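Each of the two complexes below includes subunit A, the first together with subunit B, the second together with subunit C.
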Partner chain A sequence: MTAEGRKERGSEQELVLLLQSGDELAFERLVREQGGRLLAVARRFLRDEEEARDAVQEGFLSAYRALDRFDQGSRLSTWLHRIVINACLMRLRSRRRRPEEPIEDFLPRFQDDGHQVRHPTPEWEGSAETLLAQSQTRAIVREAIDRLPDSYRGVLLLRDIEELSTEEAARSLGVTENAVKIRLHRARQALRGLLEPHFRRTASC
Partner chain B sequence: MLTCREAIDRLSELESRDLTPAERRETKRHLVGCEDCLPYWRSYRTTVALERAAYSKEDPADLEIPEALVREVLASARTVPAFLASTGYVVHIFWGIAAAPLLTFWLR
Partner chain C sequence: MDNRPYITCLELIEFLHIYLDGELPPDRVVEFERHLSVCDSCVHYLSTYKETISLGKAVCRDPDAPVGAEVPEELVAAILSARRGAS
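Up next, the complex of A and B:
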C-alpha cells in the first residue's frame, strides 16, 4: 500500500470508529461524501429518480443499523455500495412488471444450419475509442442500456459496470452462476443489436 | 467445425477467458474465417468496451447528492434510537414483550 493509501485507510478507520460510536456529524459526512455516487448507481438500476432516492435512503438506513457489524474487511465505500445495490435489486424484484421490449428482438437469428440469418453482417464505423470521441456516444449507449429488460440490464450493470464477479452477481440476484453467464451474454448481444443502427458503417455513395 | 451459432454463443466466455485453450482456438478459427462472424465479433467487443465507458464521464452535477435527500437520510437515521442501532435490538424487543405481562401483573 502506498503512503497515500495508508493515510486514506487511517482516515477511514477514524471515520468508522466515529460512526460506530454514534457520531451524527460523522454519519452526515458519510452521506455527503458517498451519497452522490450511490445515487448515480441507483439511477442506473432503477431508471426512476424517486425510486433511486428511496433506495439510497434505505441503503444508508440499513448501513446505519449495521455499523457495529462492519468489520473493515472491505472499504467502507465498497460495503455501502453493495448495500445500495442490494436495495436496488430488491426494488426491481418487487416492482410490478412494466411493459418491456422482448430481448429476442435484438438478438442475432440463425438458420437451421447454424448460419446467421442476417448476411452480410455490417461493420461498425470504428473502434470503441473512435466512437467515444463523438460527443453523443455515451448518451446513446446509456439510453440503449436503459431499454434492456430489467433482468438483463441488472446482470449487465452488476458484471460489466459495477464489476462484481459472476459468483457475487449470482448471490446478489439469487440465481445460479450459469444463469448469470447466460443472461450477461444475451444482454451484451441485445445491447449490440440496439447500438448497431447508430454505429454501423453506412455505404458510401 | 463450429457453426456460427455455436461460435457466437461462446463470445462472452471468450472475452472472460473461460474457455479451454482448445475451445479458444476452435472458436477463434471460426470467427476469423467467417465473413459474418468476424464483423459480429468485432462489434460485440466494441459494445462491451462502450458499455464499460458509458458511465465513466458522468456530469459532476449528476454525482452530487441533493440537499433534500441528505436531510431525509439524516432524519430517518434519527428515528433509530441509539440502543436499537445494534444487533441487540431484537433481544431488546423480545425482553420488552416478555416483560409486558409481568408489568401488567405488578400494576394490578
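Up next, the complex of A and C:
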C-alpha cells in the first residue's frame, strides 16, 4: 500500500470509529461524500427518482444499523455501495409488475433452418470508442438501457457494470448461476438490438 | 474437401456468450470459427455484441457522479432525520 493509501485507510478507520461511536457529524459527512454517487447507482437500477432516493435512504439506514458489524478490512464506500444495490434489488423484486416491453422484439430473427440470411446483421458505423466520440451516443445508450425490462437491466448492471461474478449476481438475485448467464446474454442481445437502428452503417451510393 | 454441415446462425448466437467466456469445448470452438469464416452476418453480430458491452460500460461508468458528487439537500435531511429516529 502506498503512503497515500495508508493515510486514506487511516482516516477511513477514524471515520468508522466515529460512526460507531454515534457521531452525527461523521454520519452527515459520510452521507455528503457518498450520497451523490450512490444516488446515481440507484437511479440506474430503478429508473425512478423517488424510488432511487428511498433506496439510498434505506441503504444509509441499514448501514447505520450494521455499523457495529462493519469489517475494518473492507472499504466503507464498497460496503455502502453493496448495501444500496441490495436495497435497489429488494425494490425491484417487490415492485408491482409494470407492463414491460417484450424483449423478443430486439432479439435476432432466424429462418426456419436456423440461419439469418434474410435478416442479416449489419455492420455498425464504428467501434464503441468511435461512437462515443459522437455527442448523442451516451444519451442513446442510457435510454436503451433504461428501456430494458427490470429483470434484464438488473442483471446487466450487476454483471457488466458492477462487475459482480456470476455466482455473486446469482446470490444477489436469488436465481441460479445458469439463469444469470442466460438472462445476461438476452439483456446484451436486447440492448444490441435497441442500439442497432442508431448505429448501423447506412448504405452509401 | 470438408463436407460437414455448418452450425446454424441460431446455434452460434444462442451460445455466443459461452464462446466469448472461453467456456466452449474445443471441438465446438472449431465449429464456431468455421461458421464465422463464411458468415458475415454472424461476424457483424459478434462484433456489435462486443461493442454493446463496451458502450454500456463506458456510459454507466461515466464520472458524472464521483465520490463527493452533489447529493440533494432534501435527501441529506431525510437520511439524517431517519437516522435520529432509528437511534
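One rule holds in what follows: the second predicted complex is superposed on the first by the 201 of 205 C-alpha atoms of A that agree within 3 Å, B and C clash if a C-alpha of one lies under 4 Å from a C-alpha of the other, contacts with A are read in each partner's own complex, and residues count from 1 in each chain.
Throughout what follows, a contact is a pair of C-beta atoms (placed from the backbone, for glycine too) under 8 Å apart; a residue touches a chain by one contact, two chains touch by 3 or more.
Bear in mind that the values here come from a model prediction, so they are computed numbers and not experimental data.
S.K.: Please tell me, clash or fit, for subunit B and subunit C sharing subunit A in the overlay.
M.R.: Superposition result for subunit B and subunit C: clash.
S.K.: Touch test for A:Pro108: subunit B only (first), subunit C only (second), both, or neither?
M.R.: Both partners.
S.K.: Once the structures are superposed on A, label A:Leu132 by its partner contacts, choosing first (subunit B), second (subunit C), both or neither.
M.R.: both
S.K.: Of the partners subunit B and subunit C, which touch A:Phe27 in the superposed model: first, second, both, neither?
M.R.: Both: A:Phe27 reaches subunit B and subunit C.
S.K.: Under the stated touch criterion, which partner chain does A:Val175 make contact with: subunit B (first), subunit C (second), both, or neither?
M.R.: After superposing on A, A:Val175 lies clear of both subunit B and subunit C.
S.K.: Between subunit B (first) and subunit C (second), which, if any, makes contact with A:Asp68: first, second, both or neither?
M.R.: Once the two structures are laid over each other on A, A:Asp68 reaches subunit B alone.
S.K.: Just to be sure I read the superposition right, which of the two partners does A:Ser77 touch: subunit B = first, subunit C = second, or both, or neither?
M.R.: The second partner, subunit C, only.
S.K.: If you stack the two complexes on chain A, which partner ends up touching A:Ile161: first (subunit B), second (subunit C), both, or neither?
M.R.: Touch status of A:Ile161: both partners.
S.K.: Which subunit A residues contact subunit B in one complex and subunit C in the other?
M.R.: 22, 24, 27-28, 31-32, 35-37, 39-40, 44, 53, 56-57, 60-61, 64-65, 108, 110, 113-116, 120-124, 127-129, 131-132, 137-138, 141-142, 145, 156, 160-161, 181, 184-185, 188-189, 191-192, 195-196, 199
S.K.: Tell me, which parts of subunit A touch subunit C in their complex?
M.R.: 22, 24, 27-28, 31-37, 39-41, 44, 53, 56-57, 60-61, 64-65, 77, 108, 110, 113-117, 120-124, 127-129, 131-132, 137-138, 141-142, 145, 156-157, 160-161, 181, 184-185, 188-189, 191-192, 195-196, 199
S.K.: For the complex, which residues does subunit B have touching subunit A?
M.R.: 3-6, 8-9, 11-13, 18, 35-37, 39-40, 42-58, 62-66, 69-70, 72-74, 76-78, 80, 82, 84-87, 89
S.K.: Quick one: which bits of subunit C touch subunit A in the complex? Just the residue numbers, please.
M.R.: Listed in rising order, the residues of subunit C that touch subunit A are 8-11, 13, 16-18, 40-42, 44-45, 47-49, 51-62, 64-72, 75-76, 78-80, 82-84, 86-87.
S.K.: Can you tell me which positions in subunit A touch subunit B when the two form their complex?
M.R.: 22, 24, 27-28, 31-32, 35-40, 43-44, 53, 56-57, 60-61, 64-65, 67-69, 108, 110, 113-116, 118-124, 127-129, 131-132, 137-138, 141-142, 145, 156, 160-161, 181, 184-185, 188-189, 191-192, 195-196, 199-200
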